[in-house]
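One chain, chain A, links the two complexes that follow: it is found with chain B in the first and with chain C in the second.
Coming up: the complex of A and B.
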């Protein structure tokens, strides 16, 4: 559990350090982020989208990264930006990694229902803006932007 | 139909009651691949699965699912139940297969005998 911080410019920021192979806690940071976004006045629909992007990113760090990485969420008045970054191993073919159904997940992950080859595609389609940069041996950085809906009432009836 | 009514009608074993047993159920989703659940399940639906590890609790929270029904007699371990209770996520166990559960849930929500 980590407390949200506030950047110098006043933007609310959540930072979670995710450990590689920490499957036991997989998704905990994302569930916490979603809850805190809701408590901070973000609509249910927007918080849900952010939660889904964060969950996929969090699981990617757990399943694929060498040494874990950072899951960082910035809350702007008009958008939510989510950054997922690790320092290796990197993705050799990004186009292939973005192809629905393609996965390099190890057996232990697929047995738990991960590795459907939908993680990055889910992040991309759930976001309004999506950038990925990766270099083998250096790491991967994924940045997703979710435009906040103007009317928070869009969250009504869409769960919490 | 509320989650509580559905659980009672279909004779589910309650492992974690959840924070809002009176919440109404809007539908169901059946699947064991977590990314597909994240992509396709909708808030307010019950999720039928045989996955029973701790990560399903986070999936339910992120999506805003009404609850999780473990099919085919699968049961969550004490550690997972603890996680579910802390998170306020309802978890049930049923001896029905996923196929049978989906059919029974659909009939119950349509107001038919299940």
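Coming up: the complex of A and C.
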């Protein structure tokens, strides 16, 4: 478990280093982030969206990256920004990777219930802002922005 | 319907949340692929699945899933049940298939959760 840090400008930041193939802990960082966002006053709906984006990114690092990567979440007063970054192998065809249903997941990931080809598309449509940059042999960087709702009136579920 | 009625109906063992029998189960989503759960479910849904990976309970926590029914006799590891207990998410395990479980619940008033269909998915 890693504690949130605070940047010099006061923005709350959560940084998790995700190991490649660490399926046993897969999703635990994102569940922790979602929990801490709620505890920090983020609405249920916003925390849920951030949790979904973080989870998809975390599992992508576990399933696809060569050496793992970083899951970083910054909490601004008006938005939540989520950065997922690795140093390889990179995505050959980004448009294809963003196509719902397309997947290059290995069998072991599919057998565990992943690799439905929904990860990146789901991150994209769950976010208000979505950027992806990837170069073969260099790595992939995905940045997602979630605009925070003004109140919790749209909160979904149990409010936790 | 109530959680304890669901357990009786599908002849399930209660693995976590035994004290939450009055919980109202009115919507459900049935799937084994967790990616689909993350992409498609909405609101206070009950998850019906044969997936007992450690990720199940983490996805449930992130999505505010209110209960999980494991089908085909699947049982998650004790650590998952313990985590569910901490989170207050009841876990049921039935030997019935997913199809039969869904049919029984639907026949007793449980309805599909709202979802967000993928526009470009065939």
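As a convention for this text, the second predicted complex is superposed on the first by the 155 of 160 C-alpha atoms of A that agree within 3 Å, B and C clash if a C-alpha of one lies under 4 Å from a C-alpha of the other, contacts with A are read in each partner's own complex, and residues count from 1 in each chain.
We take it that a residue touches a chain if its C-beta (ideal position, glycine included) is under 8 Å from a C-beta of that chain, and two chains touch if they have at least 3 such contacts.
All of these numbers come straight from a predicted model, not from anything done at the bench.
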Answer with first, second, both or neither: which of chain B and chain C does A:27 touch in the superposed model?
both
Check the residue A:137 against both partner chains and state whether it touches chain B (first), chain C (second), both, or neither.
neither
Answer with first, second, both or neither: which of chain B and chain C does A:114 touch in the superposed model?
both
Quick check on the superposed pair: does A:10 touch chain B, chain C, both, or neither? Answer first, second, both or neither.
neither
So, does A:41 touch the first partner chain B, the second partner chain C, both, or neither?
neither
Tell me the contact category for A:99 with respect to chain B and chain C: first, second, both or neither.
second
Taking the stated contact definition, name every residue in chain A that is touched by chain B in one complex and by chain C in the other, in rising order.
23-28, 30-31, 34-35, 44, 48, 51-52, 55-56, 59, 112-114, 116-119, 122, 125, 157-158, 160
Can you name the residues of chain B that touch chain A in the complex?
32-36, 38-39, 42-44, 49, 51, 53-55, 57-59, 61-66, 87
Within the complex, which stretch of chain A touches chain B?
23-28, 30-31, 34-35, 44, 48, 51-52, 54-56, 59, 112-114, 116-119, 122, 125-126, 157-160
Where on chain C does chain A make contact in their complex?
32-36, 38-39, 42-44, 51, 53-56, 58-59, 61-64, 66, 116, 118, 120-122
Taking the touch rule as given, give the residues of chain A at its contact with chain C in the complex, in rising order.
23-28, 30-31, 34-35, 44, 48, 51-52, 55-56, 59, 99-101, 112-119, 121-122, 125, 156-158, 160
